[in-house]
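You will see two complexes here that share chain A, one where it goes with chain B and one where it goes with chain C.
Then we have the complex of A and B:
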């Protein structure tokens, strides 16, 4: 009983135990002639491309919004704190929040463009083109989502520094804001790459 | 850094606002040119202090000025403390422990000299209040004090090393104060470097190491000519500074100030402390270096060092204003420039 309890609390032990069990099962199947049962390719093909495409669209908008929200709360809190003594900064620093919001907009653009590619196809007639669309929508969605988390974080944390620098000395505002502007370009990169990835993907229903 | 703003971003903005309100060197020059304390009050009303002396009956004395300045500091700090959560709340609590130690020693000393209990409680620093403070006035021995009052306070663990001293006399009380402060400094150092994030650790490390070394040098110099043995002296040295272990070992054996200077010569950062040009004493140099280190903490964002630095810089500002006020009140303007400029 002590042994199983210690497994639950120690992740390294749990990992090594699980991988040992998996290796034993895999080798058993291999050596008794059932190696073909471990068919990764069949498993992947058995997943409908609708699933890949829809998850991709969900990741595109979901992860982008996480990045944007993270950035907005980081900026907003600093504006509130610094604005107590220096109320003049509150209006000007909303521009940092707008840059964070742009990150969420990239995500929604991608999600709308991708969802236009979804259509009605019977599962018995999935072709290679449908699988291609499914996979490319999934990975593009992931691309734009992760890029936008990074972008939202960047713009948010530098926006927080911008608010504090502006409160200290008004001449610093534009200079520190430029850092955030360069950061917002990261999200743009993600958007462009995602659209390029799905450029050749044909619509479902064709 | 990524989630710092969740709990502590608002207070960081507030503290940076407090820091921006500290008086600059120009404002200090204006204060030095005041003719009387009424003038000083007028000059201060143009700063962030505003009309804080407005309800005081004239004439304004330096005692009243000091009391009101301290009240402002306490109000600012209490605002931070009441809005803090999580590790920041614990950090701010640690900051109050040094004032608690001062209050405990003040009450014990006062009780020994048979002063009035209410008068003693009045003189205590407001940031160091804890609930059972009034019960300290019935102090007889350290064991008694500890078992009735101090074991329940946050200072309880720091008394481990001084429960062995028996009588409460003058020398012993100073030794108790130094032992408590050593335990507190080492505990605070451990807290900052192990339980908080790296940026705070880096900032607080340099500040607390200097504080420890400052204690070492002060204890050494103050112990010349007293009955404190060299062994006892080396037991009072905090171990979290740059001078530990070899500087501390050498300083434990010196007998006069020149020898202290000789030991410190080999430490490049501290060499300038003993530079006696420009009529600056060792104390002045210590304050200057402390102000420089505290100012530096504002260069990093997303760390707690700025809260500690705000407290110390504001205290330095209060010391400066009161110094200038005293020079004006006593009409001794030749040393009015002896304050430490912050910005």
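Then we have the complex of A and C:
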């Protein structure tokens, strides 16, 4: 039980355990003459493009909102804590929370734009174009989601520092807010890459 | 239309490269911005005149994210649904994305920690500024190496089906 608990909490242990299991399985197949059965390309094609696309859209909005929420509670805790002594900071520092909210807006924009590409493929045979769309939506969704988690955390933690610096001295607010603005650019890069990747993808059901 | 050298799933690896370039460099840039930024806010409370000069680590962390953006755009510009795309190109683009991504993540991490200590030291003693900037430049150049290798790899991708 100790062993399984350590797997759950230690990502390095989990990664090494799973890679050891995968290596053993791969070598077993290789040495018993079933090497062709370890076919990554088969699984990439066997998973339907509907699944790739839908998981991408879900991750786009889901992970973006995780990033935004993380940032918002990091800022909120600092504003409310410092606001006990210095109530004047509570209104101005809402701008940091709005920057975190923008991260979630990027996610929802991307999710809505991508969901316009979903549709019904009427004779159910997928062509190479459908797979292209599926893969691009999956990876774009993952890009915007994970970049927005990074951005939300950055804007949140620097926003919390902004609130504390503002509580100390009101003249510092704008100077320290600039750091959060630099951080919010990361989420915008994720949005740009996602829209570029899926720009050429054709709709399903076209 | 699909052949053994240009299978249908080749685009998966190309997109993986483009996405990983952006995701991993974003993670590095985010760490650098946050770590240095919190220090700048703290040091700014007792030396507000030095805040503008102390923003250098934050700017350099942002540049790491730009490296990832450049490679992502270059890789995804080479992919289209109707042009032939070989599995070789897919793997080359995956390698390019990983090279700039992992290098950028490490560079951002280093910029964050050096910026954190550098800003705190600079607020205490102005003579440390040049030393901090030199160390940040060396950390930034690590990400640049990843960008160079990614660009070299990208030129190697050919699409012969």
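Assume the second predicted complex is superposed on the first by the 172 of 206 C-alpha atoms of A that agree within 3 Å, B and C clash if a C-alpha of one lies under 4 Å from a C-alpha of the other, contacts with A are read in each partner's own complex, and residues count from 1 in each chain.
Following the convention adopted for this analysis, a contact is a pair of C-beta atoms (placed from the backbone, for glycine too) under 8 Å apart; a residue touches a chain by one contact, two chains touch by 3 or more.
For clarity, every value in this text was computed on a predicted model and none was experimentally measured.
When both complexes are superposed on chain A, chain B and chain C end up sitting side by side without clashing.
Contacts of A:129 after superposition: chain C is touched, whereas chain B is not reached.
Residue contacts after overlaying the shared chain place A:183 against chain C, while chain B stays out of touching range.
A count of residues in chain A touched by chain B and by chain C gives the higher number to C.
Shared-chain residue A:164: touches chain B and chain C both. Contacts of A:51 after superposition: neither chain B nor chain C is touched. Judged by the touch definition given at the top, the superposed model places A:78 against chain B, while chain C stays out of reach.
Once the two complexes are laid over each other on the shared chain, residue contacts for A:139 go to chain C alone; chain B is not touched. In the superposition on chain A, A:30 makes contact with neither chain B nor chain C.
When the two structures are aligned on the shared chain, A:86 is found in touch with chain B, with no touch to chain C. Of the two partner chains placed around the shared chain by superposition, chain B and chain C are both touched by A:153. Across the superposed structures, the minimum distance from chain B to chain C, using CA atoms, reads 5 Å. On chain A, the surface patch touched by chain B in one complex and by chain C in the other comprises residues 153, 157, 161, 164, 168. By the touch criterion stated above, chain A contacts chain C in their complex at residues 41, 44-45, 128-129, 131-133, 135-136, 138-140, 142-143, 146-147, 150-151, 153-154, 157-158, 161-162, 164-165, 168-169, 171-172, 175-176, 178-180, 182-183, 185-186, 189-190, 192-193, 196-197, 200-202. Those residues of chain A whose C-beta lies close enough to touch chain B in the complex are 70, 73-74, 77-86, 153, 157, 160-161, 163-164, 167-168. Remark: chain C residues 1-2, 7-9, 11-12, 15-16, 18-19, 22-23, 26-27, 29-30, 33-34, 37-38, 40-42, 44-45, 48, 51-52, 55, 58-59, 61-62, 65-66, 68-69, 72-73, 76-77, 79-82 touch chain A in the complex. On the chain B side of its complex with chain A, the touching residues are 1-2, 5-6, 9-14, 16-18, 20-21, 301.
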